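Each of the next two complexes has subunit A plus one more chain, namely subunit B in the first and subunit C in the second.
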Partner chain A sequence: MKIIQKREVWRRRTRDALLSTVVVLISVLVGALLVYGIGRSPFEAYATIFTSTFGSPSGFLYTLSQSGPLILVSLGLVLAFKGSFWNGGGEGQMLLGGMTGVMATYLAHLNNAPATLFVGFAAAFFISGAWASISGLLKVFFGVDDIVSTLLLSASAAFVVFYLVRVPFRAPTSQNAAVLGSVNVPNDAIFPSFFGINGVFPFAVACSVFLYFVLTRTKFGFKLRVLGNNRSTAIAYFGKAKANRLFISVSFLSGGFVGMGGMAMVSAFTFNIIAGASGGAYSAGGFTNSYGFIGIAIVFLAGLDPLAVIPASVFFVALVIGGLGLLVQLTIPSSLTITISGVAILFVSARLPIMQRLRTLVRRR
Partner chain B sequence: MLVLQVSNIVEEGRDLVKRFGDLTAVDHVSVSVRRGEIGVLLGENGAGKSTYLKMLNGYLKPNSGTIYYEGQEIKFGSARHAVKKNIHTIYQNFSLIDLFTVKENLSLIFPDKSAGELKDMINKYGKNVDLDTRVALLPAGVKQRLEITRALESDAKVLLLDEPTSVLAYEERDKLFRDLAKLGKERSLAILITTHKLQDVVDYCDRVTVLKAGRLVLEKLVSETSLKELAVAMFGAAEELEESAAVGKGLNETDKTLEVKGLSVRGDNIPLAVRNVTFSMYRGEILGIIGIAGNGQLELADAMYGLRKPVMGEITTDASISKMGRKLRIARVAFTSDDPIMVGLAPDLSVKDNFGISLVDQLSDGPFVKWDALEQFASTAIERFEIKCNSQEDLLRELSGGNIQKVLVSREFGRDVDVLIAVHPARGLDLHTTYLVYKQILEIKRGGVSVLLVSEDVDEVIYVADRIGVMYEGQLSEVKPKQEWTRQAIGSFMVGAQASEGAQIAT
Partner chain C sequence: MAFDLGFYTTLVGTTIFLSAPIAFAFLGVMWGELSGVFVFGIEGQMLLGAVAGFLGTLATGNIAIGLGLGLLTGIAIGLLSGFFEVTLGADQIIFAIALLVIGPSLSSFLYGSYLGGLGLSAFSLSIKTFQNVAIPYLSDIPLIGPFFNQPIIVYLMYVLVVLTHIFFYRTNLGLKIRAVGMNPLAADSMAVNVYLVRYLSLVISSVLATLGGMTMIMAQTGFYSDNVTAGRGLIAIALVRVGNWRTQLTFAATLVVGLLLSLVADLQGLFSGGGVISTTFPYEIFATLPYIFAIAVIGISYKWTRSNQPASIGRPYKRD
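Right after this comes the complex of A and B.
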């Protein structure tokens, strides 16, 4: 019995992994057609993407480091979607997390690296979590749609951050009216690198493992999965109050992890937040890299599995970095890689409805 | 019954068979729909009435058998094809757009008609409705009338109505049938309805076909049959009840577990689904509550489990529980007609996870789930109830319907509780498993649990319960030991015919 179960689990894992690989291959193929369409060699293009991301040890480590924040953001979304909290506001939560990290570490003056990092990440977690749980509360008490409220609150968060960057936390050196930068985080709040790899990557991986453990081993994770799969069942067996509390916790934790993704971005790569006046607060220096949205695709590509989020995030980050390589080395527009990720997102989201339709067709005949 | 006027037949299904997997929902049944007549398919839930209707309107394709329409053999490509042939269907949950006004809804079908013409159209069929009211705000009867109007104005030749009376109040029911009869005669419309209410048939219909478990058991002109004959066809032979196996021990006040007093509960479509119901439950006793679907027994069970708030009345826990100084623990097994996994299970989680849903608090160690203990429980249950799955890691939705049901039954039966509420615990199970479920319920009762069995199956209640009460339109009959009931008395109460037949015979 035990052996059969293990085999069953692995069968499903392999099937999911295979499906995700097929999705990735299809999008790569579409990309190749596009390159061919503009009269360039697809092989050359992919060789460039590959060498600029995985080709050298330092490039590889850089790609891994870069994927750290994206992994954290995606983990927040895994939690959300497992608990059927449709968090579409990752962008705002990430921005808010980054800003909170800047403010907390700047104001704390701890002169101690681990303590400063802890304060920064904890503050980011708490504030972004609180922001996301507004949507959770609205859903539970007023039935407000969570997709809508998270998205709208995301815009509000961006304006709050825009104000914070422009007025109280503007860097004294930043006088340009068009692009303003916030103060930098103190040196203690900069995530150190080990052997060429930034600490945010191992930190994100540790978080993945931790969440995997929480979801599969603990009572909380179990109830969260039940709630996410069938709300009426959760209400019937856990009680309405408990189910509601669970949903609000889910929204808090989800926002918290996304916020840590923002802090990781600040602490490892950008060190401050830049707010451009041109596109309003939305273009806060391109700080989020649209991770709040890319994360949604990653989560589905990874089949809501916190461990599978790691390779999926690395893949997407590699596309982003490879896109820059294309532009610099071959002058192929980097929008090619955006298209590839777009096609991947399309197929990931189309997968379920297509299979559903096939199933109902079979049943009706 | 010989059919003399063959030309009356507008649409006819001959020898239709429909299978869903292993289940044969309709088994070689022939039914014809005749001009100027109201025909009726009568049967309990799951007898195959709706499935038959859906084959006649092209929504489902029969596995074998043929459909004739106006004398010609016809194969429907889709439900739309049938609508083009002027076969219209009115389902229980209407196909109007709730957010649109009456006018907007009608304009979708008749884009060329002016507001005045639409108004005339509505008035013609006897309901005075404001064209600018949103459909969501209309009572069920008016919505139904709108749909009928829509079908008639689209030149319907055949009108199929699936359980048209289940959403209607009594007076509305009367009006609907009078109008249907009038329309049928005036426009030589062929009408076929499905129902499980005997009274509908006897009062208003012309020709009845009784289905039981997918088979045709009786076909007659209503004028040539009686309520009694129909009840027997639907529910089985009119024999006396067997004596209860366990000698009914006296019901002790100290053994009282739950007391329900003057309980009224709101329904989804009707203001009061349960009306002023009072009864008590005792340790080591099975209370059977029987009624045809939609008579309030589901809402009653929900209220007792805390899923619905009562409008009036109260549910109190009594002596034996409070003496032990712990909270009452209730397990609940419930299957509603359409979706057995709506409440109680999580289809996208594994079988093992599904066992955990109600056991996780019992089987955990601090914040951690004791997966080994849960696995142990699951494998015992899988073995005892012969649940067919490759392993506990199968996703629940990969199991067949019967096995999904067994997961819920075996889980809830295995819990350490004071009260068990079982709603149709054996619905859709094969005979072998059904008896397994009954044996388990009896065993649980012997263990001192007080059991509430809500059922639509007379045989089930008679076999299992110690005391029986019948629900009709939200009200509960007197609750009596089963020796004081006859099968027929139960049947009559279920269809609300106790007054007309006076069938309350004590043994």
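Right after this comes the complex of A and C.
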């Protein structure tokens, strides 16, 4: 009995992985069509993306390191979607996390690298988590759609960060009115590298293994799955107050992990926060690379599995970094690679119905 | 900032002018959502429409061709959303997030490659915007005069708001669309073609969204920059909830946000230009006001009104 069940699970897993690969291939194909449409060679473009990310050992290690923040962001979104919290505000939470990390480590003056890093990550976790739990509270007590409130709060967070960069934490050297830079994080808060790979990657992998065990082996993970699968069942099982509390803590933890992603980005790669003058919803910060949205593609391609998030993140980070190579070497706008991930999200949205159709087709035969 | 008649006229004029794109966007959201489909990706549709209209105008030098191209983009996106959300029955929120990702990046890609093809840098290209057209006699009335001294696309907005309201709440066909949004199974048993209704609503919704995006460029800025819509689509989604899916209430809320936006422009100029208070003043708080207004009103109204939200929203209809 147990063996049959296991085989069934594995069959489902391979089928999911296959479908995700097909989705990724289709979106890469759409990207090739776009490049062809502006009169450039798609082969050249993808060759550039490949060589600038996986072409050399150091480039490969750099790509792996860069995927650390994206893994953390995706883990936050895995938690959110497991608990049916529609977190569309990953961008704002990530920005806020990075900003909090800069502020906390700059103000802490600890002269001790592990302690400074810990303070930075903890502060980012709490502030971003608190920001996201506003949406949870609004949903539970005021019936505001979580997706609407997360999107709106994300846009507001950009303005908060812009103020913080412009006035209290502006770098003394940053005088240009169009683009302002914040103070750099202290040297203690820079994530160390080991053998050419930055520490955020092992850290993020450890987090995803931890989350995998929490979700599959603990009581909390079970409750979360019940809440995510069916809200009314969760209310019937745990009572309304407990289900609500669970929902709010899900929103807090989700925002926290996304915020840690922002802090990881700052402490390992950018070291400060840049704010553009146009002040639109997504323009402040500049270091998030739309990870708050790309994370959603990753989460659903990975089938809400914290371990499958890792390879998916590496792939999408390679696209983002390769996009920069595209801009520098071929002057093709780097936003192409974000469009490719958008197309992946597009097909992910139709994943379940397509699966069902395929299944009925197979059964008929 | 003296509070006299001249100030009042400018303020009202700017308010209408700034609410026009949001008004088009909220009409788009209403068309989609009253037929039972979430339209959270409106920001992306606006941006794609804006870039299509801008590049079309730029390439041909004819604003009518640009408008036509933008509207064709709208129809195409509408058909695409119809295929995914109606025929396939895709998850509407994830689909909307896909539009939110594709919109900004694809428009930036198209604009960037167009510029790259010409070998130009950004901000060097602009198109002629619509000029204000004063309607004789009406624009001379003291208090409501500013309503009638606007670009032609704003008059189109007035007409569409009124027509949409009459259509949804005074005609048989509008009732059918709302019925599809409330209970598609019941509507289907009354011989309403649910799929056709949703396709049509999505196409109209998407066309209205692109019109909103083009208004940003053709009536306001005259040039394209990345994220030119700056969250207007997100505000429109929230405003439809503020107005409880009623056209007149939503339009009133849109005017409030337009007023906030025009005050923001004034206040930011006042506080950032080294005017009243020093430059350390957090004038960004004004820019967050529309968002806070929207969230606050949605939260407060939840307690003492019956939500008018279409009951079947978010659930794809499948005929067995």
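What to note about this one:
Quick note on the criterion: the second predicted complex is superposed on the first by the 322 of 365 C-alpha atoms of A that agree within 3 Å, B and C clash if a C-alpha of one lies under 4 Å from a C-alpha of the other, contacts with A are read in each partner's own complex, and residues count from 1 in each chain.
Following the convention adopted for this analysis, a residue touches a chain if its C-beta (ideal position, glycine included) is under 8 Å from a C-beta of that chain, and two chains touch if they have at least 3 such contacts.
This one's a predicted model, so the numbers in the text were calculated from it and none came from an experiment.
After overlaying the two complexes on the shared chain, residue contacts for A:232 are found with subunit B alone; subunit C is out of touch.
Judged by the touch definition given at the top, the superposed model places A:220 against subunit B, while subunit C stays out of reach. By the document's definition of touching, neither partner reaches A:33: not subunit B, not subunit C.
Put simply, more of the residues of subunit A are touched by C, taking subunit B and subunit C as the two choices.
Of the two partner chains, subunit C is the only one that A:300 touches; subunit B does not reach it.
Interface residues of subunit A, counted against subunit C in their complex, comprise 34, 38-39, 86, 88, 138, 142-145, 147-149, 151-153, 155-156, 159-160, 162-163, 166-167, 278-283, 290, 293-294, 296-297, 300, 331-333, 335-336, 338-339, 341-343, 345-346, 348-354.
Against subunit A, the residues of subunit B that register as touching in their complex are 60-61, 305-307, 332, 341-349, 353, 356-358, 360-361, 364, 367-369, 371, 379, 390-394.
Looking at the complex, you find that subunit C touches subunit A at residues 40, 84, 88-95, 97-102, 104-106, 108-110, 112-113, 116-117, 225-227, 230-231, 234-235, 237-238, 241, 279-280, 282, 284-285, 287-288, 291-292, 294-295, 298-300, 302-303, 307, 316. Per the touch definition, subunit A reaches subunit B in the complex via residues 1, 4-5, 7-9, 12, 217-220, 222-223, 225-226, 229-230, 232-233, 235-237, 239, 364-365.
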